[in-house]
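Following this message is one structure expressed as C-alpha cells.
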Amino acid sequence: MRIGVLTAGGDCPGLNAVIRSVVHRAVAGHNDEVIGFEDGFKGLLDGRHRKLDLDAVSGILARGGTILGSSRLERARLREACESSKELARDLGIDVLIPIGGEGTLTASKMLSDAGLPVVGVPKTIDNDISATDRTFGFDTAVGVATEAIDRLKTTAESHQRVMVVEVMGRHAGWIALESGMAGGAHGICLPERPFDVADLVAMVEERFSRGKKFAVICVAEGAHPAEGSMEYAKGAIDQFGHERFAGIGTKLAVELEKRLGKEARPVILGHVQRGGTPTAYDRVLATRFGWHAVEAAHRGDFGKMTALKGTDIHMVPLADAVTELKRVPENRMDEAESVF
Amino acid sequence: MRIGVLTAGGDCPGLNAVIRSVVHRAVAGHNDEVIGFEDGFKGLLDGRHRKLDLDAVSGILARGGTILGSSRLERARLREACESSKELARDLGIDVLIPIGGEGTLTASKMLSDAGLPVVGVPKTIDNDISATDRTFGFDTAVGVATEAIDRLKTTAESHQRVMVVEVMGRHAGWIALESGMAGGAHGICLPERPFDVADLVAMVEERFSRGKKFAVICVAEGAHPAEGSMEYAKGAIDQFGHERFAGIGTKLAVELEKRLGKEARPVILGHVQRGGTPTAYDRVLATRFGWHAVEAAHRGDFGKMTALKGTDIHMVPLADAVTELKRVPENRMDEAESVF
Amino acid sequence: MRIGVLTAGGDCPGLNAVIRSVVHRAVAGHNDEVIGFEDGFKGLLDGRHRKLDLDAVSGILARGGTILGSSRLERARLREACESSKELARDLGIDVLIPIGGEGTLTASKMLSDAGLPVVGVPKTIDNDISATDRTFGFDTAVGVATEAIDRLKTTAESHQRVMVVEVMGRHAGWIALESGMAGGAHGICLPERPFDVADLVAMVEERFSRGKKFAVICVAEGAHPAEGSMEYAKGAIDQFGHERFAGIGTKLAVELEKRLGKEARPVILGHVQRGGTPTAYDRVLATRFGWHAVEAAHRGDFGKMTALKGTDIHMVPLADAVTELKRVPENRMDEAESVF
Amino acid sequence: MRIGVLTAGGDCPGLNAVIRSVVHRAVAGHNDEVIGFEDGFKGLLDGRHRKLDLDAVSGILARGGTILGSSRLERARLREACESSKELARDLGIDVLIPIGGEGTLTASKMLSDAGLPVVGVPKTIDNDISATDRTFGFDTAVGVATEAIDRLKTTAESHQRVMVVEVMGRHAGWIALESGMAGGAHGICLPERPFDVADLVAMVEERFSRGKKFAVICVAEGAHPAEGSMEYAKGAIDQFGHERFAGIGTKLAVELEKRLGKEARPVILGHVQRGGTPTAYDRVLATRFGWHAVEAAHRGDFGKMTALKGTDIHMVPLADAVTELKRVPENRMDEAESVF
C-alpha cells in the first residue's frame, strides 16, 4: 500500500509523533510505502513530497513542530482539488491519504473523501475543541506549559501583593484555561463559553485580600470576553491601540483591574510558547496511538473516518462527526472548577 | 456536615490535591467541617486527627506526598474497627469518611461501609491498575518522570553504543512501562502481563545494530519476568545477591544481555523518584475533580462508592467494582505499542 | 547574637534559600537568634517582625518568592531611619542587620551602615548587573526559563515560517538576553548596551531565508532600543498605545519586522514568569553560600560589606563597591555570542 | 584553516554545543573548513571523518550526547599516533586538532601536542574535577538532574517516614554530591574526599526523628567510602554480590542504615540519567564559549593549551596544568555545606 501523509493548520506538540507512528506501523508492520507532503495541502497540490522511511522519522518522537511543515488552507485550491481528486490520487499513486489537522483540515478531508479520495483523518487541535474525541494531542502539553507559568507567577505575585492575569490559548473553547486554571489553582478563570462580569472578579480579589491573602491569579482564555458594559476603563484605553492583537483580553483585564482595585495588576500573555517544544508523555502516547490506528483503518479500507479517543480506546468516527460543532466546556465542568466566572 | 478524610498506602503525586479539593468544596462550598486523620487508618483508630480549614490546605496543590501522612493497613486492627464502626463514627462525630487509597484501602473501606460507616472512596494507585476507573492520579506523573529518564538515557546510550535497561514501577500491571516505553520510544518493553523471552530481546538488539543503529533502550516493569528457562547467565549470578530487592529484573536483565550480546548493557532503576514531587497538570486536575465529586456524593448520601473517571466524566461506582480484579494491560494495547515482548 | 534579616526590592528565585541559610547557620551553627522583618525596610521601620527558628524555614529552600514579603524603598523614611539608626538597632535589640536586596537596597544598607547600624548585605538582582560579584542568584533561573521558552518557540516558528521576537528581562543590562539568546541559539540578540539597527536584523532574517532556513528567533532585552531613526513603521503605530508598558520593545520590533519583511512576526513577552518559581540548583547553592557567609561575616564583625562570588569563592566586598556602577555586558562577551546586533 | 574536532571519553551534556560552536565560529566567522572525527581518537587513527558545515550542526545545541560518537582511548594506539603525529596531520590535511575530552583525553592531547601536532583542547568532565578551570560544562546539568531527584524523594520520604539514600556520580571528586546535596537540602552528604563514619549518619537521623522530623535524605557520591570499621552489617551482605558495580555505596549504606536504625531505608541510584539529555542553559553557554575560544586560539597559533573558565572570563591554560592533579572538594566548601559527614 502507498500512504500519503500531511500536516496542516497551526502546529501542535505531537505532530511528529503521529508521523513517526504512521511510518513505523506502515513500513515496519505492513511493508507499505509512505509519502510525506510538504506544507500541508499545498504540497499535495504542488506535488512537493518525499519518501518517509524509518530513518526519516528517527529521533522525532519528542520533537515539537512538524518535520513536514504546515500551512493554512486556501479554499479556492481545495475546490479545484476536490474536482480532480481521483486523478490526484492516481497521479500521485497513493492508495490513501492521512491528513493530520484541525477542524478546517478535517472539513477539507471530508470534501476530498466525498469526492472519492480514500482518506483517514487524524484530529489535531491544541484547544481540545473537536467534538468527536475525548482528547487531542498537544492539549496536555499546552496545559502543562500554562500550569508551570501559573505556578511561577504565584510566588512572585505573593511577594509583591499583586494581581496577575495570565492569558492562555483558547479562541472558541476554554479547555486550556479551565484545566491550567484548575491545575495551577487560579483564583479566577474566564472562558469564552461564559461572559464574565469584571465586578465579580473585583469582588473576589477584594474578598481574598480582606482574608489576609496577598495576591490573586486570574487565568483567562484569549477568547474570553466581558459581559456587556462590565469593563469601564480599559475599553477606552484600548481603543487607542494600533494593533488589536497585541492588546488582547489579558492586557485589557489587567488594566481594568488595576484601575478598579487600586492594586498592581500585571498581564502575562503566554502566546506561542504553549504550542512549541517537546510534547508531554501523554501527548506522545496519544499521538502514537492515533498514527497506529490510522494505518490499521487504511488497511481495513475504513475510509472517510478519523481516529478518536473514547475512554481508554481509540475508535474510528465519521469525519462528519468531527466538524459539526465545536466541543465547548460544559456547565458541569465549570461547576467542578468553582473559580470560573 | 462533618467529613473525615485520610490517605493510606504508598504515596502518590496528587494526594494533597485531593485533600485540598475536599476541603475547598466542603468548607467553602457547603460550610462543612473537615477532619484529617493522621497516618491513614492508624490515625482514625488512635484518634489522631486535626481540623482542616482553608488555611490548612493553602499552597499544597502542587506539592507531592501527603500532608496527612500515610501508613500500611494492619488487618487485625481493621477487623476490630469494622466491629465498632458505628461507635467509631459517633465518637468521632463524623458523618462520612473519605479514605483516599489503593486496593487495600478500598477493600477496607468497603468493609467499613458494609459495617455501617458512611464511606465515599477516592481511588489511588500510581500503577493505574484499579479496574473501575479509566485512570488514577499519580500515574501521569510517574509516566512523565520515567519518560524523561528514557529521553536522557537515549542520548548517552547512543554516544557509547550501549544497551540501557530502565526498570520502572508496576508490580502486577505494566501500565507505566507501557506508556513510558511508548512515549520514550523504547525499543523493547517488558510487562508483568506477558513473560518475555530474552532471546527475542537479544534478536531485536542485534537486528538494530545490524541496521547501523548504535544503541537500544529497554523499558521493563519491576514485575515483569522472563519466560521459564529464557534467562541463562543472570539467574546464577543473582542467586548470590543477599538482598533480592536490590537486584530486580532490570539488573538481572542487564547482566544477561551483556553476557549474551557481548556489548555493554547498563541497568537504571528509577525507583522512588517516580512517586514523589510535583504532580503533572493532568494529575492535579483529576485529583481535584475526584475530591470535588467525593464531597458531592457525600452530600447526596451516595455511600459505599468511589469516584471514577469514565471518558471525560467522573462517575460514582460501587467500591466492590474497584476491588474485584486488577486492571491489566490488555493485548490490544500491547499490539499498539509494537515493541512489547 | 541577635540577627535581623529582611528582603527588599523585586523578588528573585533564591531569596528563601538565603533566609533559610542564614537561619540554619545562625541558629544551628552559632546558637544565635534570628528576627525576620516583614515587607522589607517597611517592617524594620514599623516594627513588624517575627522570630525565625529552624521550623520557620523548613521546606522553603526550593520555593520561589520570599516568605518575609518585600516592598520598594521609600526614600523619606530611609533618611529618617538613618538618623535614628542606632536607636533603631537598640530598640529592636539586634546586633546586626542582613538586608537582601538589589542596588537600591544596598545603597540604603550602606547609608544605614555609615550611620552606625552594623550591616552585612547580600546582593540580589535577577538581571545580574551588580558589579562587585561574578554572579547573583535568581539570574540562572531567569535564564533557564527564557531558554526553555526559546527552545519551544523554535519548533513552532519553524513549522510556520515565522519570525519570533522574545522579550526578556534586563532594563539596564542585557545579561539575561545574552545568555538565554546564546543558550537558545537565537539568531539575533538585542541588548541595552548597544543600540541595534533594525536594518541589520532584517538583513539577517532575509539571509537566513535565502539559505533555505524557514524561521528566525530574536531575543531582545526589555531595555534594548533601536538606533535612532532605524525603526520606521512601529514608531508611529506605537505612539497610539495608551499604556507604554504594554507595548515594549518586543512588540514594537515584531510590528516593524513584519512590515519590513512581509513575513509573519510575533512577539512573546515573557514577563514575570522569569521571576517566579523554583530556583535552579545553581541559584540554590549560590544563595545558600551567600547566607552562610553573611552570618560568618557578622560573627567576625566584618560590617559594611556584602557577600560576593569571585571565581569559585565567596568574598566579602565593601557595600560601596556594589553600588558605584552597573555591571554591563562588555564587548568581548558580545563578540563571543556573535549574534548580538 | 582546516580544523579537526573530536569528542572522547564518557559523554556529557554540552558536547554538541561545543561542536556546533566550533563549526559556527570557524566556518561562518573565519571561512575555515571543519572535519569531525568519529568515535574519538579511533576515528582520527582510522581515518573515519566527515566534513562539518553549518547544516551538519543545525539543531544540535540542546541535544545531549555527541553527534560524533565517542570512545575510550587505547594507550598502544596513542603511542603509535604520537610517533607519526606530524604525518598524521599532514595526511589528514589538518592545521589544528580540537579534542574535547576529560583527563585522559587531555593527557593524550598533550602528548600529541608535544610530538608536534598543533592542538587546542576543550576540557570535559561531568564530575567538575579538572583543576585548571573553575567549572566544566555538563556538571550543571548533572547537578540539576540530581537535585530534581532529591526534591522528588523528599516528599515521598516524608509521607512514609523513611531514610532515602541517593547515590550520585563522582568517583574521585564529590562536586555533584556537594552541590546537589546543598541544592536539594540533603541532611547528609558523603564525599570521596572524606571517609564518613556511619555512626555519625545514624546519630544525625536519630536526632532528626527525635525533633519530630519524619524523614531524612542522604546524598552520597559513588566514590564515597565509609571510615574503616564503621560499616557493620552491609559489609558481609555485600560480599555475596556477584557484580560489585550493581551494589555500590548507596545500596550498601541503605542496607546498613536500615539495620542500625530499625527504620526503612531505601537506595536510589541515579546512574546514567545524570549524563544524558538536554543541557541546562548554563552548560550550553559555557560549552559555546569554550568552542568559540578554541577556534580563536587556533587562529592565534596558541597551541598546547586548553580553554578554561576563570571567574567570568575564558582563558587559555597549558594542557599540562589540567592533568597534574584532580580538583577535589576543599575543606571550606564542606564547611559551607554543613551537612557533609
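Lettered A, B, C and D in written order, each chain numbered from 1.
Following the convention adopted for this analysis, a residue touches a chain if its C-beta (ideal position, glycine included) is under 8 Å from a C-beta of that chain, and two chains touch if they have at least 3 such contacts.
Keep in mind the model is a prediction, meaning the values are calculated, not measured.
A.B. asks: What chains touch subunit A and also subunit C?
C.D. replies: Touching subunit A as well as subunit C, we find no chain at all.
A.B. asks: From subunit B, which chain is the farthest off, judged by mean CA positions?
C.D. replies: Result for max centroid distance from subunit B is chain C.
A.B. asks: Would you kindly tell me how far, in whole Å, the mean C-alpha position of subunit D lies from that of subunit C?
C.D. replies: That pair's centroid distance is 29 Å.
A.B. asks: Let me have the rounded angstrom distance from the C-alpha centre of subunit B over to the C-alpha centre of subunit D, please.
C.D. replies: Distance between chain centres: 34 Å.
A.B. asks: List the centre-to-centre spacing of subunit B and subunit C in whole Å, with centres computed as mean CA coordinates.
C.D. replies: A distance of 40 Å separates the two centres.
A.B. asks: Enumerate the residues of subunit D that touch no fewer than two other chains.
C.D. replies: Only 151 qualify.
A.B. asks: Report the residues of subunit B in contact with subunit D in the complex, numbered from low to high.
C.D. replies: 10-11, 15, 63-66, 69-70, 145, 148-149, 151-161, 164, 214, 237-238, 240-243, 246-247, 251, 255, 266-269, 271-273, 275-277
A.B. asks: Applying the document's contact rule, which stretches of subunit B touch subunit A when the two form their complex?
C.D. replies: 24-25, 28-29, 61-62, 134-135, 140, 143-144, 146-147, 151, 179-180, 182-185, 278, 280-282, 284-285, 288-289, 292-293, 310-314, 332, 336, 338
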